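Shared between the two complexes below is chain A, which has chain B as its partner in the first and chain C in the second.
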Partner chain A sequence: MFRYYCKLALNSILQAKVHSSLTILTVALGIAACTIVLTLLHSMSSNPVAHKSEQLFRVQLDNWDPNQAAVSPDLPPEFVTWTDAQNIVQAKQAKRQSASAITWGMVNPAEQGLTPFLALMRVTGKDFFPMFDVPFLFGAGWGETTEQNNEYVVVLSKEINQQVFNGANSVGQTLSMLGATFTVVGVLNDWHLSPKFYDMSYGAFSDPEEIYLPFGLKAIFELPHGGITNCWKPVESERYEAFLHSECTNFQLWVELDEPREKTQFNDYLTHYVEQQKSLGRFPRPMNNRLLNVNQWLEYKQVVKQDIQIMFWLSVMFLLVCLINAASLLSAKLHTKHSEIGLRRALGANFGQIIMQYSLEVIIVGLCGGILGVLLAVAGLQGVASLYAGYGQLIELNVSITLGVILLAVAGTVIAGLVPVYSACRPVPAMQLKQ
Partner chain B sequence: MNILLNLGPIFRALQRQRFSAILVIVQIAITMAIITNGIAISWDRYLHIERSSGIDEQNTFFMTSSGFTKDFNPRATIELDLAIIRSTDGVIDALQTNSFPLSDSGNWYEIQTSPQTDAQLVPAASYKFDEHGINTFGLKLIAGDNFNQQDTLWLNEADSQWPSHVLLSKATAAALFGANQWQIAVGKTIYVNQNTPIIVRGIVEQLHAPWVDWPHVERTIISPARVTHNSARYVIRTQPGRLNEIMQTLPMTLAKENTQRVIRKVKSIQQAKDEIYAADIATVSILLIVIVVLAFVTAMGVAGLASFNIDKRRQQIGIRRALGASKRQILQHFMLENALLCTMGALFGTLLTLALNIFLVNQYALTPLPIYYLPLGVVILFVISQLAVIKPACRAMSISPAMATRCI
Partner chain C sequence: MLAMNNIGKVFTTDVVQTHALQDFTLQVDEGDFLAVTGTSGSGKTTFLNVAGLLETFDSGQYTLDGQNIKGLNDKQRSQLRNEKIGFIFQSFNLIPDLNLFDNVDVPLRYRGFNGAQRKERILQSLERVGLGKRLRHFPAQLSGGQQQRVAIARALAGSPRFLLADEPTGNLDSDMAQSVMGLLQEINQSGTTIIMVTHDQALAKLAQRKIIVRDGKVCDIGVSTIGLQPQELSAPRV
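Now for the complex of A and B:
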């Protein structure tokens, strides 16, 4: 019986080809729009370290101008000063802690026979790699003593290792850069967090740095201040150290705390630290420390572009229009079938069977619309990805979103189609036979 | 009059198929809400992207020269480079600068008209370039004078010294001295870093800050200084039509002339602009596609519904024709039926448009919809649905009166 209904439904769909393809196309367009926007929303709001987002905390301290908050109305600056970064990392009050900043410098791989180039670098602490689960292809990060002795070591990105060492295991090799000789201790595997939550100063979807070196080397090589630097009072002198000892903020400070108890303890430590600094004449503002976990930090930084959220609402309404359109087309079609329905009822089909038969037709239309919609979405996403090319992020179709939207399409079409099916099936058979 | 008399029967006919009529009305209403708000957002964004940054965006490009050897001489390199660039055929002028509009990197200072601590602070982005700036950027000097060669102050990287004279953008002068009194700024002393006095030499019509989304993007202060750095940024303006060619050859010439540095980041201002506004351009493109597709979907819906209605009423149409209705009257009937649905849709749609706009304004701090967008939306929807109904209505028009004789 079911196969017979399927055959009837297919017949009916094929009979009115233009009408059916219009209905399917309508549903497909709605589905495509929704899938595209949901995919965009998903890839922008995804949390790249979801399993650790409750353990990683961004540290913010308020060393700002007594008369004016760093971020209105009364929020602390987003970065910390060199002084605070050094003090807090060295105090080791959290499970792991790392301060880092973007910088750049010339790499001169003359030994490898290559022309010099300028590379983006990150000065950071040894904990950076285990904290953010940075994957290594060769070697590993540097150790405690290396860091304390300010040894000249580097970790290279996979791309730079490819470029300079042809992708070979370069651990132990030397590389001349910044006018000195560095030893390679590790090479990263592909690592591109999106959003790049640990440092979004060049944009939430910017590329990771190419070379990583110990934090202390920034002062030794007097490396430039990349990222964003904010100062609330002029730096006292023109010497490089004056900047490091100033109240200028430039450093990204993160800590890892596993238990809520550890968080409380760390908070107490921060309070204690700021009080101590206050007694030294710093921190003129009231106590205003902030510890945001990854999710809170992403929310605070408004990583998901507002435009995408607006488009989300518009695409939901778009889908609604498409479903209404499909419903009105289906209802118009069923209106022309009153006599057929009357005939089938008169020949003994009951109400439920008629509903079943026409619902099948609607479900087939919805499914076809859903599948075509996904195909349209795949094509549309290519176009959208090229529009957002500057973001350097991956926009890929997500299986659960796709299945969810197809399900939604079928459900929406069925609900939209059932009302006309119901009203078409209801009338008394005799009246319709008469026509 | 005749037309209005027809409204009664049309209305009653619609009442007999309430469900499909309501669907069309709701569809038209939602379509209007999306299209109207979509057009408003994209127009707003388009104006944002297309606004002038004050410089000749079409014929300008930039590049960075980075020295890497120990005995690299930044100052000598900059002087020689500029001499070469400026004498290149097809180059109008060139300069070395710390930053430029649309570059997205730079710094800003707070300026005040008196050294007191309670004076009003005016944030302004700082540019450091010499007297060639007016010509290279194509700026319009509207008051006072340009710098001259002797004004240029050579600074090293960490040097925070200020020259004795600066130029201001008109918006900066207006923020300091009042909107209508920007002219008086010329010759006045202003203060940077609270107490460093500087005299205003001249005012330029417009020059944007490096960051397009900065709330004070119109405010800039130009000082005749050159910062020597291992890296130097050059901005080059070419004669119209020669940009691409010079962008190719010039970096090679410079790279050959001094091998102690690399030339990188060669890009036109237009490319930089496209990158900076990538998200906005994406939003506008996506919204426009949505608007067009939605108009198409709704038109198809309206046409589909009308054509099924006509098929259902072939006999009635035939009877009306047989009873003396002209082809025009049949056409009119369906156009009018559609107009009636559209009017109801537009009424409901106006409310929905406003509701959606209020939601978006509250949620995402968009600018409220200008009121004239509502009639615009109504007109667009009318045009779409009337166009959609023409073809089926023409088909109805051509139904023969003989149809009336069948199946009576």
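Now for the complex of A and C:
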């Protein structure tokens, strides 16, 4: 009977092409709108290191102006100073610790026969790579000794390795940049954290940096201060070193702590550190250290903007309106089928068989609406990506969302369509035959 | 075979109650050809709907082929209707989107026959009504008389014990009406019990028995002139 119902359903859909197309389009539009916003919301609110989001902590210290909080009403700055970053990383009180900052510089791959170009760089510690599960295509990060000796080593992104070394294993190769020769120790595989929680200075969904080098090289090469720099009192002189020893904050400091006990111990260490700094005349404000894990940090940074959440609910409402419209269209179509329903009942179909027959038609309409909706959503997401730079990574529909959306379309259409189907089948056959 | 005792059926609206059937008592034996006549609104179509299990009844007792109808659920009623009853309607009630083969196929699908069984029955019944060569035609491509023949083929395909006909010639001209009535008589002679509702006294004369329904009751039972031929009919009322 299932094949028979399928045949009848397809026959009915094809007999009323315009009506069926309108119903499918109505469902598809609702699904597409909902999917686009759902995909954006899902990507924005996803946690890229969910398996260790309770172990990674952003460190905030309040070195700010005694008369005015860094962030209203009474929050510490989001970044730390060079001094604090260096001190805390070197103290090694956490399982892993990483201070880092964005910078940039000229790369001059003359040996490779390429013209110089400006690259976005990140100065960071050796722990950065294992802390954030950075995937390597070739080689690895640098080691302890290399870091302590400020050796000239770099880790390249896959894209830069492709550009300079044609994608070959460049570990051990040299690269001229910043007026010196650096040795490549590692090449990253594809790596796009979304959101880029460890540093959202250029936006939560910005591309990762192209070149990574040891933190200490920032001072040696006097690399520019990328990202966000905040100062609450003037820097004493224009010398580069004066900035590094100022109260200006520019560096992201992350630590990895496995156990709650370790967190308590690290908090105690921070308290002790700040007290020590206070005795040196720094940290004029009351003790205000913060350790936020990844989820807390994303929430604090409001990665998922409220307007996106409002948009999501608006799109759900729109979907509901579309489904109600689809139900109206189905109802209008079924109104013309009363006589046929009555006839089928007279010829021996029971209530369940009639419900099954017309439900299958509704399911096919919902399925077509869902598939068309997904196609429209893909087009819509590409439109979003072209309108808003930096949202490129958000345009991809993942399999679970795609399947979920199609399921939603079918379920929504069936729920919306069953009402008219049920009411069309409910009268006794004699009444339907009269109609 | 078909026995109704004191059947009552009331249609209720917000403003009025209509007693469509009151103490309706009737017995139809196997092989009967019964004509049910009466004025408009007398209750003859309601009787046919109740007899065909298309409508429920409020009181009394109805036994069809030994089975008490009261208390059957929708599935049981549908199955009984499918197996034992064939319908012929005044307006043919063919499904316009389906060709003749598929129209006749409808009751057989619900009966659960396999493909080969269905095909055999469809071909046989369409052959019987003289339309065996027009399987792929659609209803709109046929005349009224031919459409009614398709409806008869559909009714016969499941080999029902009862054929219920509601004004089967009401939409046909006299020639076609004669042809359809001849077919019904032939079907009756082969053993199928026929109950036919009609306004037309001339048509009613062709049946073995005739009842007159008035105000929802059987008020007269008579035996028609058996052996009257369809060709002797006057033109049916339209």
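In this text, the second predicted complex is superposed on the first by the 397 of 435 C-alpha atoms of A that agree within 3 Å, B and C clash if a C-alpha of one lies under 4 Å from a C-alpha of the other, contacts with A are read in each partner's own complex, and residues count from 1 in each chain.
Following the convention adopted for this analysis, a contact is a pair of C-beta atoms (placed from the backbone, for glycine too) under 8 Å apart; a residue touches a chain by one contact, two chains touch by 3 or more.
Given the structure is predicted, the values throughout are model-derived calculations rather than measurements.
Between chain B and chain C, positioned on chain A by superposition, is the outcome a clash or a fit?
Aligned through their shared chain, the two binders fit side by side on chain A.
Looking only at contacts as defined up top, I'd like to know whether chain B or chain C touches more of chain A.
Of chain B and chain C, more residues of chain A lie in contact with B.
Considering only the touch criterion stated at the top, classify A:332 as touching first (chain B), second (chain C), both, or neither.
first
Determine how wide the angle is at the CA centre of chain A between the CA centres of chain C and chain B, giving a multiple of 10 degrees.
90
Have a look at where A:295 lands relative to chain B and chain C in the superposition and call it first, second, both or neither.
neither
Counting only touches as set out at the top, which of chain B and chain C does A:349 meet: first, second, both, neither?
Second partner only.
After the superposition on A, what does A:176 contact: first (chain B), second (chain C), both or neither?
neither
In the superposed arrangement, which partner chain does A:12 touch: chain B (first), chain C (second), both, or neither?
Only chain C; A:12 stays clear of chain B.
Taking the superposition as given, tell me the minimum C-alpha spacing from chain B to chain C, whole angstrom.
11
Of the residues on chain A, which ones does chain B touch that chain C also touches?
No residue sits in both footprints.
What residues on chain C touch chain A, complex-wise?
Per the stated touch rule, the residues are 49, 52, 54-56, 74-75, 77-79, 81-83, 87, 89, 93, 95, 97-98, 106-107, 109-111, 154, 158.
Help me check something: in the complex, which residues belonging to chain B touch chain A?
My answer: residues 17, 19-20, 23-24, 26-27, 30-31, 33-34, 37-38, 41, 66, 68, 70, 156, 158-160, 193, 230-231, 262, 264, 275, 278-283, 285-287, 290, 293-294, 297-298, 300-301, 304-305, 308-309, 311-312, 356, 359-360, 363-366.
Spell out the residues on chain A that touch chain C in their complex, using ranges where they run on.
Touch residues, chain A against chain C: 1, 4, 11-12, 15, 339-340, 343-353, 428-430, 433.
Tell me, which parts of chain A touch chain B in their complex?
Answer in residue numbers: 19, 22, 25-26, 29-30, 33, 106, 108, 115-118, 179, 234-235, 238-240, 242-243, 305-307, 309-311, 313-315, 317-318, 320-322, 324-325, 327-329, 331-333, 335-336, 384, 387-391, 419-420, 423.
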